[in-house]
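Two complexes come next, and they have one chain in common, chain A, joined by chain B in the first and chain C in the second.
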Partner chain A sequence: MSFVVAKDLCRTFDLSEPWIVRKLTMQPKRLLKAVDHVNFEIERGTTYALVGESGSGKSTIANMVVGLMQPSAGSITIDGQNLGNASMNRQEQQRLRRRIQMVFQSPYASLNPRWKVGDILSEPMRAFNLIDGATAQRRRVAELLEQVGMSETDAGKFPHEFSGGQRQRISIARALASQPEVIICDEPTSALDVSVQAQVLNLLKSLQQDFGLTYLFITHDLAVVSTMANKIGVLNQGVLVEEQATVDLFSKPQQDYTKMLLSAAPKIEFSS
Partner chain B sequence: MHRFFDSDFFYAFRRSPIAIVSLIVVVFMVLSALLANFIAPTNPFDAASLNLMNGFTAPMEPNAFTGETFLLGTDDQGRDLFSAILFGLRVSLFVGLMAVGLAMVLGVLLGLIAGYVGGWLDTLIMRLADIQMTFPSILIAMLIFGVARGLLPAELREEMAITVLILSIGLSEWVNFARTVRGSTMVEKEKEYVAAARLIGLNRWQIMLRHILPNVLGPVLVIATITLALAIIAEATLSFLGVGAPRTEPSLGTLIRIGQDFLFSGEWWILLFPALTLLALALSVNLFGDWLRDTLNPRLR
Partner chain C sequence: MTETLLELKGLEVTFKTRRGTLKAVDDLSLSIKKGEILGIVGESGAGKSMTGAAIIGLIDPPGRVSAGEVWFEQERVDAHPERLRGRQISMVFQDPLTSLNPLRTVGDQLIETILVHMNVSKSEAVQRARDGLAEVGIDPDRLNAYPHAFSGGMRQRVVVALALATEPKLVIADEPTTALDVSVQAQVLDLLKKLCRERGTSVMLITHDMGVIAQTSDRIAVMYAGRLAEIGSTREVLTNPQHPYTQGLMASTPSVDAKSFGKTLFQIPGSMPKLDALPNGCAFNPRCNQVHERCRTERPPLMSDRAACWLMETAS
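The block that comes next holds the complex of A and B.
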């Protein structure tokens, strides 16, 4: 079985007016199907990309995979363990949480502005009881910063002292701090300059090779996808319309929607 | 420290005469209240040292019987007004600060819970705040004061008067804190660093207190300063009405009440000097609070 499996994933949002208003104005309930029976599987050590325009349900799926949101129906299993299993005790939940981490879209909102970088990075170690003792934690923070291409002295600084690209590196370091196996990247480069985008993507790639990470990449940027993903799923209005290996999707897209997406993107030349 | 003197904040402070003067007045008042024991020429609470013959001595004039002079005169008991004001200032400031502290802790906690947890708890807390806003806070304070005194045994009333005063003013001023904190909490909780904290399995309290609280405290400081002025005035009002600080431990409001009895018989100083002190204190705290709000509010810059 694949490492990450999403089965019949559904999520509806209730956009109705409050009960009393609804009864008085005789309106029916208004439900939005953000994710509609989506199935996908990700093999260990590979990258799966979900692409689609705004409002296609990409981020909702990301939030369900990390457990920030509960699916309305369907299930997500990681290494055979069901994420929504209510019978797990706190310890088992923490053990599963440690294996799934996330890199967020906004480098400005994803780091607590009042915390020093060192504290941000050592927090997961404390939450998961990974490393005891302040000295050992500091050593691990230095190691993490080095892994994402930053220096040990940055641990004593606050997030506002860094550029967007550097903050995204810190965000990646925080995700790595709990030694996860799956990292969900929710548009990790969309807030960055193009030149910085490439650096961050290269970093993610080399980390994948070093630690055997599995990525779920959420993006609307097809150029990003073409360099990163092994397999691509195309989402349209909550429905997975097409799923193909990266090379195949770009060379022979099957669905009209995919063709439209590809033609809307700026042309990219492949050198390889 | 070096960072502070280079900051925009300090620059704005240096450029504002109002801020400088009001801060100096506040610091001066706080210091003289703290050091009242050393500055005051007499101890106004020591009944044995009072000489009734000294009663109603005008400022800077020798007393007709004893020949003693007093900087700001004496009251009907022969108490030196300057000393009484210093000790009264201490009571007023203590009650004000403690009441603001109570209101702040209560308001910030309730606001955090309302904003972060939401749902029916939010509705309950904020409707309670709305209801309280429809009453003048001095009325609420009097209500709480009256109920608390009714519940206390008679022999404890004098002793507990200051505590009850703090409680009643504190409980009547929490609403502004709660509203502001709730608003900023609702903004902060949608940010991704909160999602990151949830991902590593922190519980609600850890997220609220360790992650959100430091990010919503900015405006709280401003509200606390403005509320301090309100609390000092509320305390003076309650004491003036005779329901606040007892005669044995007079605050500025109590002194004003005592002075009021003699205003029309020509002893103007008993009322005037405590009233001027209260005015200077409340005005400078308020002006400093206003300046803080204007300086720290990014929308006004």
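The block that comes next holds the complex of A and C.
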């Protein structure tokens, strides 16, 4: 069985007017199906990319996989354990959550500006009771910073002292702090410049090789995942319309929607 | 159509701060011909938006245009850029959500723009507003709709209609498609290109996306740390980039290509220097993979009207 399995995943949002208004104006309930029976499987140590335009439900899926949102129907299992299993006690839930981490889109909004980098990175260790003692935590923080290509002395600085690319490295280090097995990357480079984007993508890839990480990559840009995704799923309005290995998807897309996405992506090649 | 429309000569935009005077745009010279689409590409902090803002006089204090000249149709205009703004030169901003007034209908905004800048009657302004909307592919009967009733792509098309309503000679488009989805981005770019070609309007397209530039512009100017790194026709710059920064920028852009799977992207080490900590000589020298002694001490001028790099000299 695959490492991460999403089965018949659904999520609806209730956009209805308040009950009393509905009754008075005789309106029915209005439900938005953000994610509609989505199935996918991710093998351990590989990268799965969900690609779609805004409103396609890709971030909703990310939030459900990481546990920030409950699915309306369907299930997510990680290493055979059901994420939404109500019979699990708090400790078991926490143990499962430790294994899933997230890197958010904007490194400007996802780091607490009042915390030093060292505190940001040691928070997961404290939250999951992984490492006791200030010295041991400091040593681990230094190790993490080194793994993402930064220096030990950066632990004493605040997020505002860093550029966007460096901040995203800190976000990645924070995700690594609890030694997760799955990392969900929600548009991790869309707030970054091209030259820095390449650095961050290469870093994510080398970390995957070093630690055997499994990635769920959420993006609107097919080009971003071209070098690292093993498999790509294309989402359109909450429905997974096509799923193929990256090489096949680029060379022989099956659905019209995928073809449209591929042809709309700006290419550098000069064509007159 | 080889007549020059806009010419910048040694443009310099500076900001006075506690840490000293920062040059956001440093000795920039370039020109745009009539009917031409010039793409300005660079990463954040390269000074590309500042260049656009300087031309139409939209730089807020403490920033100011401290040196250089702006020539528009053989006239020097940098003393009173507001005379051109709106009528001769119009602007398309990045985010259509914030550049349209949410409290007024799009028709109101179009008609107001036309009435302010053009000498026409109210009824003719209404007619022009309807035509403008029709041209960008929006039903003219939606004149009375508010911006929130439109999707992001439609809103940006309204902004394009707004920019073209006064029949300007130059449109400055500052990241016009960054907030849009790729499929909508392609539509808006095609539209902007088509309308400007039809009317012979020049466009200054400011973006960080090499792909967008490649598909839209006739010529490309690459900026780095407030300075011009390379300029040339789109074909020349893309097929044979001279400046190591342009080469790196292109190599590090991922592409939709079945062959790229499993490969490592080329990366330029480091990041763009802060404006208060620019290195001596060429601003790109700490990140350059072909750096030599001279780059660290002397700033290269634009050579052969193409690239500001000492390598150009050794090559010729």
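Everything below uses one rule, namely that the second predicted complex is superposed on the first by the 267 of 272 C-alpha atoms of A that agree within 3 Å, B and C clash if a C-alpha of one lies under 4 Å from a C-alpha of the other, contacts with A are read in each partner's own complex, and residues count from 1 in each chain.
Just so it is clear, a residue touches a chain if its C-beta (ideal position, glycine included) is under 8 Å from a C-beta of that chain, and two chains touch if they have at least 3 such contacts.
Just so you know, these numbers come straight off a predicted model, no measurement behind them.
J.: Do chain B and chain C fit side by side on chain A after the overlay, or clash?
T.: Pair status: fit.
J.: Check whether chain B or chain C contacts more residues of chain A in the superposed model.
T.: Touched residues of chain A are more numerous for C.
J.: Applying the document's definition of touch, where does A:Gly165 land relative to chain B and chain C: first, second, both, or neither?
T.: It touches chain C, and chain B stays clear.
J.: Examine A:Ala265 and indicate which partner it touches, taking first as chain B and second as chain C; both and neither are also allowed.
T.: After superposition on chain A, A:Ala265 lies in contact with chain C alone.
J.: Give me the angle at the C-alpha centre of chain A between the C-alpha centres of chain B and chain C, rounded to the nearest 10 degrees.
T.: Computed from the C-alpha centres, it is 80 degrees.
J.: Based on the superposed arrangement, let me know which partner A:Gln105 touches: chain B (first), chain C (second), both, or neither?
T.: first
J.: Identify the partner contact of A:Ser226: answer first if only chain B is touched, second if only chain C is, both if each is, neither if none is.
T.: The answer is second: A:Ser226 touches chain C but not chain B.
J.: Should A:Gln254 be classified as contacting the first partner (chain B), the second (chain C), both, or neither?
T.: The answer is neither, since A:Gln254 touches no partner chain.
J.: Who does A:Ser75 touch here: chain B (first), chain C (second), both, or neither?
T.: neither
J.: With both complexes overlaid on chain A, does A:Ser54 touch chain B (first), chain C (second), both or neither?
T.: Touch partner of A:Ser54: chain C, not chain B.
J.: Applying the touch criterion given at the start, work out whether A:Val196 contacts chain B, chain C, both or neither, answering first, second, both or neither.
T.: Only chain C; A:Val196 stays clear of chain B.
J.: Just to confirm the value: shortest Cα separation between chain B and chain C in the superposed three-chain model, in whole Å.
T.: Superposition on chain A places chain B and chain C at a least C-alpha distance of 9 Å.
J.: Across the two complexes, find the residues of chain A that touch chain B and also touch chain C.
T.: none
J.: Of all residues in chain A, which touch chain C in the complex?
T.: Within the complex, chain A contacts chain C at residues 53-54, 163-166, 193-199, 201-202, 205, 220-224, 226-229, 246-248, 250-251, 260-262, 264-272.
J.: If you look only at chain A, which of its residues touch chain B in the complex?
T.: Those residues of chain A that touch chain B are 66-68, 90, 93-94, 97-98, 100-102, 104-106, 109-115, 123-124, 127-128, 174, 178.
J.: For a test of understanding, state which residues of chain C touch chain A in their complex under the given definition.
T.: So the residues of chain C touching chain A come out as 43-44, 152, 181-183, 185-186, 208-212, 214-215, 234-235, 238-239, 248-250, 252-258, 260-269, 271-272.
J.: Once bound in the complex, which stretches of chain B touch chain A?
T.: Against chain A, chain B makes touches at 191-193, 195-202, 211, 214-215.
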